[in-house]
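Structure, as structure tokens:
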Amino acid sequence: MAGNVDALFIFLVIISGLMTLLIFGAVIYFAARYRHQRGVQAEQIEGSTPLEVTWSIIPLAVFMVIFAWGAVVYFKSRTPPRDATEVYVVAKQWMWKMEHAEGQREINELHVPVGRDVKLIMTSQDVIHSFFVPAFRMKQDVLPGRYTVAWFRATQPGTYHLFCSQYCGTQHSGMIGSIIVMEPAQYEAWMSGGSTGPLSATGEKLFAELGCSTCHRTDTQGRGPNLQGVFGKPVLLQDGRTVTADENYIRESILDPGAKIVNGFKPVMPTFQGLVSEEQLNALVAYVKSLSPAAQSATKTANAAPQGSGTQVQ
Amino acid sequence: MSVHATSSPLKTYFAVWVTLLIGTFLTYEVAKIDLGVFNSAVALTIACIKALLVALFFMHLRHASEKLLKVVVISTLFFLFILLSLSMADYATRGTGASTVSFLIAHIKAILPA
Amino acid sequence: MRVTKRRSPLSDSNVAVQTSVHEDVHRPELLHHFADPQQQRNSASLGMWIFLATEVMFFGGLFCAYLIYRNWYYADFAAASKSINAALGGTNTAVLICSSLTVVLAIWAAETSRRALMLAMLALTMFFGLGFLGIKGVEYHDKFVEHHVPGPSFSFEHEQIPGHPGQYANPQHAEIFFALYFIMTGLHALHMIVGLGIFTWLFVMAWKGRFTPEYHTPLEIGGLYWHFVDIIWIYLFPLLYLIDRHP
Amino acid sequence: MATTTIAPAERENYLNKEYGLGSWLLTTDHKRIALLYLISITFFFFIGGFFALLIRLELLTPAGDLVQADTYNKLFTQHGQVMVFFFLIPSIPAVLGNFLVPMMIGAKDLAFPRINLLSWYLYIAGGALMMHAMLTGGVDTGWTFYTPFSTAFSNTKVIEAGLAIFIAGFSSILTGLNFVVTIHRMRAPGMTWSRLPLFIWAHYATSIIQILGTPVIAITLVLVVAERALHLGIFDPKLGGDPLLFQHLFWFYSHPAVYIMILPSMGVVSEIIACFARKRIFGYTFVAISSLSIAVFGFLVWAHHMFVAGISVYAALVFSLLSYSVAVPSAIKVFNWTATLYKGSIHYDAPMLYAFGFLGLFTIGGLTGLFLACLGVDMHVHDTYFVIAHFHYIMVGGALMGYLGGMHFWWPKISGKLYPEGWARLAALIVFIGFNLTFFPQFILGYLGMPRRYYQYPPEFQVLNVLSTAGATVLGIGYLLPMIYFLWSMRYGKPAPDNPWNAAGLEWQTQSPPTTFNFEKEPVVTWEAYNYDEIDAGHKEEVPVVG
């Protein structure tokens, strides 16, 4: 991403540099050339419509180029690749809690392998924060009550700043951390230690403990919908609407089950708001995702260090 | 009030008054019939007509001697429309959960014969 | 003294050529910085309309918030809306419409030198205004008794969603409805109270005989304000009371 | 510039007509109210400036050592709130606008003089409440009041500050209302729309924003205050609300509010450039129309403050596209001012130096706005010092340069005294250099990734921060100088002639300082705006206003 943003940024610097030179040059030249001299009167000029049109249209055209280019870069950065490694991020005043899909937990640090897409599924426990890694030219606000998603791919091993860039209270400037980018081999070594098992396994255990599995059965007999293969698919709701089962939908269904009732089911599920923590929610979401082949493959291929697709210029 | 004094505006005033009362009654009664998404549409249409009547006749916008007052009203409504439409544009297209767009489509589908 | 006053075609004033304004005519209401009564009246009316424009945007922000949540939490809002008394709301709409009528009649009476009628209509307007607030008070009282006022004692448990038997409204979302309901109707009621203040003052002025067929600008300006408050209610009523009323 | 006649010392004017505190506090004279505003906004400017100074001192070192973190947060919050709501927004409209709008159109006063006074009292009430909030604990939410921090987490005086801004907002609304009605209704005979000075057009456009935008922030603050006081859930996701709705409503006003600050400044600059280039403004119509289009388009772009806040991607695209629509009229203005210089007869008096400064700083500020409107770049520079630098270039470089330029330009008219020209030129130079030294490094800081509102920062950012702090010191001196010599000139300055600049415009056709009703008799306008050819050709007898 950094390359894309930088190229655009440099383009903008050149464009505005030229504009600045043009205007400053003209102002300074005119100011010197036409300075007041005794006996010389100013020459009145009313204006010129062709000129006005020219200097409206040309900037507008340049602006449209900037817009289009910016939109493409933005769109790319908002669309995480399907097979990205997933990390759940919980922000709170004033720390970052990270949880890898494989189960490793970290605070204010995030270890990632070089050259692999990393998708961040982020939420906040209290106020709005913002996940900002200047080196990756990437920033996304982290909101309470919902997930926001961001992704990046590191190209150089090293340690990079992680800042909270949305003002969040007293220790806002202390809510910093590091992204530690490692060679794949080192990363494997790091990953092998200190895990309590994959996040989805924690979620599976919770799923049983909270009694979810009594209704959400793996057959068609449950009182709740069968969750196998649901993630990422469109879901038909009772009122005729269709939603895509993404992270936010699963989250909402746990916390506010009455909001979107799946067609053919009764609104019998109790809310789990206040009963599960953000970390537990993440585990449950990870578990539901693991029930879908696409998500599963993502977790499995996570260790296979996929090569860049080629279209992604770094 | 030489500007808009016609012979006697009383007739107009009472006619508007009666229309407004009928409109209120109609709004109240129509709400009891299930029209799906069109319940709100009907209620808001009647409300707009009522508001227009008050503005045109009671507030004398119709007879206003100058276009300026109409310009003020129309441009205010334009900016109100900007506020409502552009902020809702965000909500209607947020990918998360059921968007307003799919909500409307679903409602219209529900009303159309299968 | 000025004899002619030319304005360009672009000018917004209808006064193309204003012929001799007699300064010897006693005009206590003409403020010193205006050239003539027409200019003063036009200024006052434009000022009021612009003020109403700010009011539109003021309520507009609330409507924006309300409409977004109403779309989001439609079912919960419908359930909450069903718990408020639409008959009282409808009655109040009628009361306000009647008060708007009495306002225009008062102005008409001023235009046609019917002092007694003007005073009666002004009094009647205030009567309707107070009636509106009284009915509003009854509604608020009901909500208070039912614990529907947002706050620590708020409760909206096991309230059916209209049209979905067995499905209950989310109390949190209903609380947002009631918060907006109280803020919107509360600010509207505040405007009514200000309106009553204005009309009390107008009544006193009328009593003192300040209004003539030539000069009753305050009456017109106050009337504009009153009608505007009426218009706001015309929208509040269906939006808040009639979300999903069918059985 | 050549001065022709020296005014007699003791003519009756608006300053010496009455004496005593009551004659000021109960005045309905727009000129006296302008001076009341001048004194009060200067007071708030120095309060806000003091906060800025402390912020820059704290940032001299990477560690948080000068003040506590909480104090620092209050400093930048209050710096923003005071400067935006109590200095910049009222600055040019309430001081220069109040003083000049009636005079420029040939009116005796604003349409509603008592409402004008009321608006000053509202401003003072809001200001007093703000002062009280600051003195009894302060506010730490950032000037943006973002929820849910402001409604549920901050334990500072959010309610008081919110109400203070709410009240001050009504002052702003009433000023705008008064201007619009005045411009429509009170123009002198012959003062057609196409003859209006561009200052008036700019204030007309500003007033539209004040009238239509301010109520929205007012109601938003009402909701924040209500939510905080009563624990409602309108903006709190824990209770089902959406914090982004707050941001939408907030920026619906607060983005156009930037144009409330910059548009009047553009009006001032148009007047100054025309006068000191002795020329008609190039493309008068386009400059006038561009003011209006900035006001209108300004309302269409607000969510470019929210590109990374979690709004829909599609909405972001729309808002990014619309954001460029406001850049075009701004560009048109800059090009037209530049073209006005062509074949002019340019004088380098202090007001013109400020106007040059405005041109340069506004150009940089405007162009960096393109970066922020561009989705791809905004992802990186949003909420960093890049944004800080950008909006200071607009709001301080642009709005404040215009304000100072205008104050110098019209000071002879306002006070009846001449300011010391040499000092004024020096001050203009110091402000320009100090400003760039303060804020240009912040662009680089932002690109390197230093987030805004940071109390301590990684050591690699120190060099640029030290530069910035050094610049702020220079800038501070630059702002103190005019304050000192303006005060000095009131007592020791040479008496000003009626038209020291030989400028066009009705305000120069009356005496300095003007009488209470501005003109001896109602002026009749028969000439176009900026008729410098006629003035310089010596046809001065064609401007028969003062009896």
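In order of appearance the chains are A, B, C and D, and numbering begins at 1 in each one.
Criterion: a contact is a pair of C-beta atoms (placed from the backbone, for glycine too) under 8 Å apart; a residue touches a chain by one contact, two chains touch by 3 or more.
Note that this is a predicted model, so its numbers are computed, not measured.
Student: State which chain is most central when centres are taken as means of Cα atoms.
Tutor: Smallest centre-to-centre distance to the global C-alpha mean: chain D.
Student: Of the pairs A-C and A-D, which shows more C-beta pairs in contact?
Tutor: A-D
Student: Express in whole angstrom the distance between the two chain centres, defined as the mean CA positions of chain A and chain C.
Tutor: For chain A versus chain C, the centre distance works out to 46 Å.
Student: Can you give the whole-Å distance between the Cα centres of chain B and chain D?
Tutor: 38
Student: Could you state the distance in Å from the CA-based centre of chain B to that of chain C?
Tutor: For chain B versus chain C, the centre distance works out to 16 Å.
Student: If a residue has to touch 2 or more other chains to count, which residues of chain A qualify?
Tutor: 146, 256, 259
Student: Residues of chain D that contact two or more other chains, please.
Tutor: Within chain D, the residues that touch at least two other chains are 184, 212, 216, 240, 244-245, 248-249, 252, 313.
Student: Residues of chain C that touch two or more other chains: which are they?
Tutor: Only 12-13, 42, 46, 50, 53, 56-57, 60-61, 64, 68, 72-73, 170 qualify.
Student: Help me check something: in the complex, which residues belonging to chain D touch chain B?
Tutor: It comes out as residues 184, 212, 216, 244-245, 248-249, 252, 299-300, 302-303, 311-315, 318-319.
Student: Within their complex, state which residues of chain C touch chain A.
Tutor: Listed in rising order, the residues of chain C that touch chain A are 73, 164, 166-170.
Student: Under the stated contact criterion, what part of chain C meets chain B in this complex?
Tutor: Touch list, chain C to chain B: 12-14, 42, 45-46, 49-50, 52-53, 56-57, 60-61, 63-64, 67-68, 71-72, 74, 86-87, 90, 93-94, 97-98, 100-101, 103-105, 108, 111, 163, 213, 223-224, 227-228, 230-231, 234-235, 237-239, 242-247.
Student: What part of chain B is in contact with chain C in the complex they form?
Tutor: 1, 5, 9-10, 13-14, 16-17, 20-21, 24-25, 27-28, 31-34, 39-40, 43-44, 46-47, 50-51, 54-55, 57-59, 65-69, 72-73, 75-77, 79-80, 83-84, 87-88, 91, 100, 103
Student: Could you please specify the touching residues of chain D with respect to chain A in the complex?
Tutor: 64, 69-70, 73, 140-142, 144, 146, 148-149, 152-154, 237-238, 240, 243-244, 277-280, 282-286, 307-310, 313, 316-317, 320-321, 324, 327-328, 331-332, 334-336, 338-339, 341-348, 356, 359-360, 363-364, 367-368, 370-371, 373-380, 382-384, 447-449, 451-458, 532-533, 536-537
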